[in-house]
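Multiple structures follow.
Look for chain A in each of the two complexes below; its partner is chain B in the first and chain C in the second.
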Partner chain A sequence: MTALKKKRPVSYHLVNIGIGFLALFAILPIIWTFYTSLRTNVDINKFPTKFSFSNLSFDAYFGVWRDTNFPMLIKNSLIVSTMTVIISLALGTFAGYALSRSKFRGRQGVLLVYLAIRLVPGVLLLIPMYLFMNRLGLLDSYIGLTLAYTTFTLPATIWLMKGFFDSLPPDLENAARIDGCSRMGAMWRISIPLVLPGLAATGTLTAITAWNDVLFALLLTSSDRTRTWPVGLREMIGEFQLPWEALTATSILSLLPVVIGFALVGRKMVAGITAGSLKD
Partner chain B sequence: MSAKTLAGSPLRGFKSILEGKYFAWILLAPSMILVVAFIFYPLYRGVYLSLTRTVLLEGPDSTFIGLENFRQMFRDSLFLLAAKNTLIFMVVGLITQLAVGLGAAMLLSQDRKYIGLIRVLVVLPWFTPPVVTAYMWRFILDQNSGVLIKMLEGVGISFGPAGLWSNPELAIYAVLFVDLWASYPFFMLFLLAAIQGIPKDMRESTAVDGANSWQHFRYVVLPLISPVIVVSSILGVIHLINSPTLVLLMTNGGPGDSTTVLPLLAFQIAFQSYDFGYSSAISVAVLAAIAGFAMVYIRFAKFGKED
Partner chain C sequence: MQNFIGNLSRRTLFKFSAVAGTLATLGTSASSAFAARVNKKGTGKMTYWNHFTGAPERAAFAETTEAFKKASPAIEADIQTVTNDDWMAKYIASTTAKSGPDAVMIDVTRFTDMLRIGGLRDITTYNKQWPGAASVAGDTPAFSFNRKVYGVPFFTFIDWTYYRKDFFEAAGIKKEPTTMAEFREAAIACTNPSKGQYGFAMRGGSGGGGFIVNALHAYNGSIMSPSFKATLTLDAAVEAMRFWVNLAVKDKAVVPTVATDGYAQIFSNFYQGKAAMVMHHGGSFIDVGKNLKYGSEVMTLARPKGPKDQFGFQAPLANGVFQHTKNPDAAFEYASFLGSPAAQTVFLKGTGYFPTSTAAASDKFIADNRQFDTAIASLASLPKTYTFPGLTAWRDLTCLPEFQKCLIGTQTPEGAAKIIVDRLNVVAKAAATANRKYYSDNRGK
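The block that comes next holds the complex of A and B.
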């Protein structure tokens, strides 16, 4: 039976070990954090660590959900992330479509500007953004934070959507146009339904960016009304000296939406990181 | 068809605009307005603020003082320390992340069962919220209950009685290690895409010519992916020194000021002492440093290719 199998060279197995190591390096810290969140504080501080699967419970999760304002923070984050996704996708889809379908003058320039925006340091924008939002009366509001995130995610969204539209065969739309469809109609009825998977991936990428951000949330929110979870968690740790099992439980809870989104559209989403930077 | 012939009703006029040559610009306009309002205008204001004295505690007014803020930097010992730390952060961070990213890309470009799944899995740290990354690793590297610290102690490596995070020599490298975990997938993705763009039969032809794996990598793969190495390095460095998030969360500059980097300093000056002018000047200096690095790096990379 093994006679059929080709004998693998040593390098083949070395590569396997390397790949396994990379995978473990990525997920072991997260698995350890999850394991810790299920243990009691007494066990956590006992050394050497005894691995046991008895005495594990989700108590810490119920604890943070019941006794802290974590649910409120999660709600704020969900609202801001959702609003960011809606606006960013709407504007990004239109812009991406225009840049993919129309060969107008200035197209290259617009594409280049959207690429160059990535080079702008966020720190330089913090102060003027804070002052500007203050003047607009948008400090400590959902819409202020949403506008900030939308602007930062737009360039990537536009480049990604342009890529998805580029990969559609143009004949489909031409046929619809000949049948009397308007340009808007052709975009709306033909092209957008076909890029829905791409739209889902782009939306998830945008949602994660908004969900994860600390810096802008730290500046642009000041009350529990709008504070997002990264800011709230940072404060909770400062104020209450959170015990490890509570801290790890909140970490896992806030990582959960990211992991779910990642599991659904991760493969398409990672393309978003390199979008626009490898071609031209 | 010009707008005139269709000008019968306002609706028709609107439709003709949508169908006409302004179609693209109409679709682009909303996103452009946002970008101008929330990126270009703040950028301009930021550069302007750097030339003024604007201290919020003294009132909302700013006085134009030219380059005085920039002169102040060279007298400010904390700025100079932060600049040194930033340099360490940038150089060590770039080298480690690029090296691990390249190695990982080579490994993950091989054909294996489930490789698609592993490629996605390995990128998960990049998407992990920085707050989670920061506290998770603070826990794993905690002096009293950190599992990794205990394991290292088990094999005879210890960081002194006060621990890793109180050691002014080592704390910055601890942050860099955590940043490596979170950020090398960024390089890996770029380089993996580049490596996958190289035709598979290339290796077969170099093998026929008698090249071993290393020679194939050095003389075929490396030159082909070098443009992508340059692009990803520039974006990577921007990411490294652009965002003070991890340092802010893990050490907040401490112990002492041993992990204070420039973006963190700018952040602290702005929102602890409310000196918006000086803080903006530091940010402008960071931007100039990034631009300078990019130019030197591109020149250097081109130079390397010619010989």
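The block that comes next holds the complex of A and C.
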């Protein structure tokens, strides 16, 4: 083993050092954010700043949990993101499957329409969306926000899912149908299990879109009952206050669900994204 | 009595009847007028939008809401916040949809825009019947138009300057600067680039446009007449721009990152000892006190006087009733509650925001806190801030970018002044046209 290591060329070590620097470059801001969240505001504002491990505490985290609606905001974000993922995946999977397997006149047109919807900047739809939601009585509600997000996530979901279904040979389903499966049965028993990594990837991308949105959440919600986390974070920056320790603490807290979520589905997601990239 | 009745002629009887009838009518109308003097008590749910998102403001709102619950138990108040940056987008959307809150916060610089968009309800009658109206009457005209009242004053932001007492002492400055020339001298005296120390944390990034308006007003006097005629002269604008730009470019007395410095940056620079002075208003009073000690490290100072007027404004803030509310009684009850001395005192103690109520302004908290002496002195000298249609767009999309170009050397103060004056003339013409249309559309309403 030691002999093997010695044989490795200099370039190998140089590349590793380079990767190490890149990793440090990426992770250092997060470490600094975490370190800042443990300091007091007076200490943070001192110049020149001193790197010290004294007087560090989790007070900012307790303060955020106690003094803001953090748990409620996170709960709202989770509910809206989950509902968006469920609706987008349910509709997108069926639509993607239909567009992949069925040959009908205007199929390309349908796909282009979905793409066009995706290309419309969200800000252009703000006022019409507000008026529409108001007419439906869905302002300041989970379902209203979910439907608004689905408008933008569904086209991408359909395109992605169509791509995953396209990569499956239709003969697999044909064989199942010969054995007595209906079209839906073949889809459910054969195709869906094979595109699970794709579903995970699409679901993750949809969840991230819904989780991070500020624009629609700001406009379509106004009470703490439905307000999502990014809006709460934005509101934490007062007009005339600089609560750096609270802001950094909330930033770290808001990273946690994303990190946990990625840890759970990350492997599937990467597999889904790279699915079909290699020819058998 | 019997003789009197018996001797009554028909003519005398008619006379008595007429007098009695008149008295009865007067009595009835007087009693009904008395009854109408009391606003109808609100009931049910009432939603209020404000743009205060900071922790001290949230805490103050929580305390006042509890007090409101006790004062008006029949009203269920729902206090909702909309970030300041997104305020107008949401206000326009809700006004267009004719569905929104019941009561809204009104920043004076947005008042004319909010009124013309059509989301504010005339509360003149409510205000006349409200016993507390006299206490905030000084700021009510700022939220009135065409003799109609649209907002109950809440508190007022008084522009002032914070300075580092230790820096002034080290620089040998014994007298606080009162004129713009003295302000410049103090900034230069406190500047020591080798120590990374500058005289002034100037705001040239987000929010910096307001200071250009300050400078233009200080050198010109009023820049816009009440009938929306631009009164800013090119000579005054050139002088104002030269002063403000040269403080950074020639004197180099401001923190060098000025072109991108917004609120967070100028106060970070001030707290970190990179700047001896910073200009803001009483809104930051509590936050400054958390970072520096009043009296020994930091002091407040009235805004300097320019050739024509003070370099700064008073900017009151009010609460109004949304045009499309279904519950105007409850909305006014809440807005007027926030205008009461009790609510204003809670905000004063929690946030440092200066009350508009004369009763709240005499609170012990102000009397005991010497830093507020500056605010009290400034109340008499600072003019009320501008509010005309197009103000915010002109300030943020013309004044600020032209100033920033001067900072990076792609524009001269003279060139910037010309563009600023020209654009103000365009804005004034548009405002006057819009005003005529507004009058004709609302005639008789």
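Simple rule for what comes next: the second predicted complex is superposed on the first by the 217 of 280 C-alpha atoms of A that agree within 3 Å, B and C clash if a C-alpha of one lies under 4 Å from a C-alpha of the other, contacts with A are read in each partner's own complex, and residues count from 1 in each chain.
By our rule, a residue touches a chain if its C-beta (ideal position, glycine included) is under 8 Å from a C-beta of that chain, and two chains touch if they have at least 3 such contacts.
Everything quoted here is computed from the prediction, not taken from an experiment.
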{"item": "A:Asn16 touches, of chain B and chain C: first, second, both or neither?", "value": "first"}
{"item": "Chain B versus chain C as contact partner of A:Leu147, first or second or both or neither", "value": "first"}
{"item": "Partner, of chain C and chain B, that touches more residues belonging to chain A", "value": "B"}
{"item": "Which of chain B and chain C A:Glu235 touches, first, second, both or neither", "value": "second"}
{"item": "Touched partner set for A:Ser102, first chain B, second chain C, both or neither", "value": "first"}
{"item": "Which superposed partner A:Leu131 touches (first chain B, second chain C, both, neither)", "value": "both"}
{"item": "Contacts of A:Asp67 with chain B and chain C, given as first, second, both or neither", "value": "second"}
{"item": "Which of chain B and chain C A:Phe25 touches, first, second, both or neither", "value": "first"}
{"item": "Touched partner set for A:Ile192, first chain B, second chain C, both or neither", "value": "neither"}
{"item": "Partner chain(s) touched by A:Ser223 [first = chain B, second = chain C, both, neither]", "value": "second"}
{"item": "Residues of chain A at both interfaces, chain B in one complex, chain C in the other", "value": "45, 47, 126-127, 131, 219, 234, 237"}
{"item": "Of chain A, residues touching chain B in the complex", "value": "11, 15-16, 18-19, 22-23, 25-27, 29-30, 32-33, 36, 44-45, 47-49, 91-92, 94-95, 97-99, 101-102, 104, 107, 110, 113-114, 117-129, 131-132, 147-148, 150-151, 154-155, 158, 182-184, 208, 211-212, 214-215, 219, 229-230, 233-234, 237, 244, 247-248, 251, 254-255, 258-259, 262, 266-267, 270, 273-274, 277-278"}
{"item": "In the complex, chain B residues that touch chain A", "value": "15, 18-19, 21, 23-25, 27-28, 30-32, 34-35, 37-39, 41-47, 49, 103-104, 107-108, 110, 112, 115-116, 118-132, 135-137, 139-140, 144-145, 147, 150, 181, 185-186, 189-190, 193-194, 213, 228, 231-232, 234-235, 238, 241-245, 248-249, 263, 266-267, 270-271, 276, 279-280, 283-284, 286-287, 290-291, 294"}
{"item": "Residue ranges of chain A in contact with chain C within the complex", "value": "41-42, 45-47, 67-68, 126-127, 130-131, 134, 139, 218-219, 222-224, 231, 234-243, 246"}
{"item": "Contact set on chain C toward chain A in their complex", "value": "47, 49, 51-57, 59, 78, 80-84, 86, 89-90, 92-94, 96-97, 99, 101, 196, 263-264, 267-268, 271-274, 280, 283-284, 286-287, 290-291"}
